[in-house]
Each structure stands twice: as C-alpha cells, then as structure tokens.
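Heads up: the structure comes next, in structure tokens.
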Amino acid sequence: MTHAREILDTYPGTTAMDAAALVECIEACFDCAQSCSACADACLVEQVVSHLRRCITMCLNCSDVCATTGRVFCRQTDFEPAMARAALQACAEACRLCAEECERHAREMNMEHCRVCAEACRRCERACSDALSAVGA
Amino acid sequence: MTHAREILDTYPGTTAMDAAALVECIEACFDCAQSCSACADACLVEQVVSHLRRCITMCLNCSDVCATTGRVFCRQTDFEPAMARAALQACAEACRLCAEECERHAREMNMEHCRVCAEACRRCERACSDALSAVGA
Amino acid sequence: MTHAREILDTYPGTTAMDAAALVECIEACFDCAQSCSACADACLVEQVVSHLRRCITMCLNCSDVCATTGRVFCRQTDFEPAMARAALQACAEACRLCAEECERHAREMNMEHCRVCAEACRRCERACSDALSAVGA
Amino acid sequence: MTHAREILDTYPGTTAMDAAALVECIEACFDCAQSCSACADACLVEQVVSHLRRCITMCLNCSDVCATTGRVFCRQTDFEPAMARAALQACAEACRLCAEECERHAREMNMEHCRVCAEACRRCERACSDALSAVGA
C-alpha cells in the first residue's frame, strides 16, 4: 500500500502526463529501488557469492537509478521533458541489464530472490517505456 | 502494489525481526520518501510558497532519511542492531517533525497534499517505533 | 579534500578507465550533488522564491542524478559500459539544464549561489563528456 | 576540490553554525559516502568476499547515511536543530561501526581500501561529533 496516487491527486498544478501512467512510473521506480537493494543483500548472503558479483553491482546500480528516477517524477513543478527523457532512458537501461542478470540466476541457479527482483525490474522497465511515450521520446 | 513482502520471503538467511514488522517498516519508509518528495514539490507550486519554506525543508530531509532507513532495513545480511536503532531513531524524529509541520498546513491552510503527506509520515513514524521495539531499543 | 583518488588507487581489480578521468568524474559528481542541494536551499530562502521554482526543481533533480552517477562509477567490479553510458548521458543532460538555469539567475539577478552552482554543474557536465569518450559512447 | 565552502559563503540567510564546522561536516559526509561506496565495491572483487559480508553491509549503510546527513546540512533554510541532532547521531554511529570493521580488515588482512575507508569514516565521525557540539546536543 502506498500514498502515491492519493498525493498525486492533490497536486495543485497540472501534471505533465496522464495520472495513471505517472503513478505507475513512480510506484514502479520506488518498488524496483527496494527490490534491487534487497536482492543485492540476498546475493551477499548466498554461499556462491563470488558468482554473484555482477548481479550485486547491477542491483546496486539499478536501485540508485530507480530511486533517482522515481524522485524526478515526483517533481511536477516546472517539469522539464528533456530531464524526464534522460532519466527514463537511463532507468529503462538499468532495469533491462539488471533483469537479464537476475533472470539468468533465477533460471540456472533457482534463485528465488533473483526471480522476484527481475519481475520488479521488468515492471519498471515497462513503466519507463510507457512514460517515455507519454513524455514524447 | 510492491514486491517488498515477496522478495523478503525469498531471503536465504534469517531476518533480524518478524517478517510482518520488517515489511511494514520497509514499505512505510519507501512510501514516506515518495510522499515527502511529492509534498515538497506541491508546496513549491503553491502561490504562498514563501510561507512553506519550513515545510519544504522538512519534507526534503524526511524524504532522504526515510529512503536511507528503508535501504538499511533491506540489508538483513550481517544486520547490526546498533545501526538499525540509530537509523530508526533519526527516521522517527524526521517523520514526527515533518508530520507536525504538514498537519498544521492541512489544518490552517487546507492543504490536501500536506494532509496526505502527514498520513504517510505518521504511518512511518509508527513503523519505526514498532521496529525499534522489535530490534530492542 | 577527498579520499576519492586514494581509495581508487587501492582498488584490487582493474578499473574500466584511466584513473585520472575516473577520479575527476566521481569527484565532480559528488561535488555537483552537494552544490545543487545547497543552491536549491539558497533559492528557497530568497525573497523572490516564486521566481525560482524552475531553478529549485532543476537543482533537486541534478543533485539526485549526480549522486547516483557518482555511485555508479564507484562500482568498478563487473563494470558494465552500457550502464555507465546511460548514467553519464542522463547526468550530462541534468547538469546542462541546471547550469543554463543557474547561469540565467547569476546573470540577470546577480545570484551568487547560482553562479557557483553553475560552475559545479559545468565541471560535472565536462567530466561526464570526458568519461563518455573514455567508456566509448 | 569541492565547491562546498564557496557555495556556503553565498548563502543569503544566516547559517545555523560556524561556517568552518559546517563545511567540514558537509565535505566529510560526502567524502565518506563516496569512500564507503568504493570500499564496498573493492570488497566485492576480493577473492575472500565471503569473509567481507559484514564489511560490505556496513559500507553500504554508512554510504547512505552519510549522503543523507550531508544533504540535511546543505539545507540551512529553516534549519531544525532536532532534525540535525538525529541525523548526526545516526551518522556518527554508522561511521563508528564502519570504521571499526574496516580497521580490523586493514590490520588483519592488509586491506588497503579498508584502511583508506576507515580514515574517511573516522574523519566523518569526528566532524559529526563537532557538529553535534555546535548544534547543542
């Protein structure tokens, strides 16, 4: 449960895009930031941690990029499409790279945290693509 | 909708506290980080922005502290109670200060974004207090 | 004074690019993250804060993007050029947009904090461009 | 080289504490955020990464807490001593815990990145203690 929709509905100005797409973008970014931090941590406790270096790096990067992108979209006042596009492109790429790495570990090593994390990454990648269309890429 | 519960359930080690309290703490922190970023932005677009300086500062601080605390609790590997306590105390205080400021603007100026933000802050303050009890303050 | 060069020199692996360019990129990102947070705050205390909404939004966005990019470059283990490029492109754009806005206020309104912030943004924009060349854009 | 002193000197209001202590606190926080991110990454590439789990967790936590505290002190507008104290206490604790862990690896395993990181942590712990005295703990 989050307040994302409710607080956006109280915004006193005009939002830069359709409310549903905006809320999904913000929620997907914060959710992915959380999942990626948790997956990096779960990788760290695994016995085969030395095989998971790339996964940890991808997760840490993706978590930071998603948290930043989520915040950029919280800022609707003097919303700048060029800034939005740059953030969305970086975020979609971070999510794609992290999802691919996590999906591989889910498939080959049965890592459940990687499976869940990849889901959060793919959802966020999609939300960023949709937001890019809405902003006008 | 978030993956917080699902990814926590896949953690390969033992979590430092009851899963329900942990998930609520993590979700409340990320939610409050989002609401506070959005409320600072909504304050900025208000015509009376010069009356909202303290509210913007409180929201920006609270957003950063909540995002950090949420991440600290994503890290269950070699979880350190002393670190957890320090983060929770800072977070509960940031949420309390921000909630008080927002509640005043909700009451006196009918600011709906402040009302919603205060709700997110009070939820997070409560979750931090509960987590403090669980960690052993 | 920072430890950026010293800690990079102790990295046990091979860094993805020339040490001097890497250190400048990391230092410029963290410096710009700091300057932009301070400039947003200085704008907020100005009497003409209602004229500075766009500047505050640009500064808050730029601060977040720079902090994230600085961290991505701290991570040399399994460094992924595609991730680096995406982060650098977003960061160079955030810095350019923020610098343009701050330069205007420095010029037209004599705002000294905007003049200093624009310097930090232009330095970071340059460092990101140089790093993009080094990574292979 | 950072712009921290220069931008603080242009602040149009009155800062909450002595400029020298404030600049040192801000610079030490951003420097420690950077060093801790780099040390976590250097630990990750080590062959004995499974012995460094606690170090990585401490570094990731300390990096987040320092970045947040550095930002809180960039915000001098409507500076709230209670918020400052809470952030400083959490930050001093995060730095102390991370420094102790890193010093152990520097001493017992000759890890140079841990030695440098511990220096950055101890500097930041000191700066937070000094700032706590200045704010009035």
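Every chain is named by a letter (A, B, C and D) in the order it is written, and numbering of its residues begins at 1.
In the analysis below, a residue touches a chain if its C-beta (ideal position, glycine included) is under 8 Å from a C-beta of that chain, and two chains touch if they have at least 3 such contacts.
Quick caveat: nothing in here was measured; it's all calculated off a predicted structure.
Participant: Shared interface numbers for chain A and chain B above half of all numbers used, same, or below, different?
Facilitator: same
Participant: So which chain is farthest from chain A, going by the mean of the CA atoms in each chain?
Facilitator: Result for max centroid distance from chain A is chain D.
Participant: Could you give the separation in Å between the centres of chain A and chain D, each centre being the mean of its C-alpha atoms?
Facilitator: The answer is 27 Å.
Participant: With centres defined as the mean C-alpha position, give me the chain A-chain C separation in Å.
Facilitator: The separation of the two C-alpha centroids amounts to 21 Å.
Participant: Show the residues in chain D shared as contacts by 2 or more other chains, in ascending order.
Facilitator: Where chain D meets two or more other chains at a single residue, that happens at 41, 44-45, 53, 57, 60, 67, 71, 75, 77.
Participant: Can you list the residues on chain D that touch chain C in the complex?
Facilitator: Chain D residues touching chain C: 1-4, 6-8, 10-13, 26-27, 30-31, 33-35, 37-39, 41-42, 44-46, 63, 67, 70-71, 74-77, 112-113, 115-117, 119-120.
Participant: Spell out the residues on chain A that touch chain D in their complex, using ranges where they run on.
Facilitator: 41, 44-45, 47, 49-50, 53, 56-57, 60
Participant: Looking at the complex, which residues from chain C come into contact with chain A?
Facilitator: 53-54, 56-58, 60-61, 64-65, 67-68, 71-72, 75, 77-80, 82-83, 86-87, 89-90, 93-94, 97
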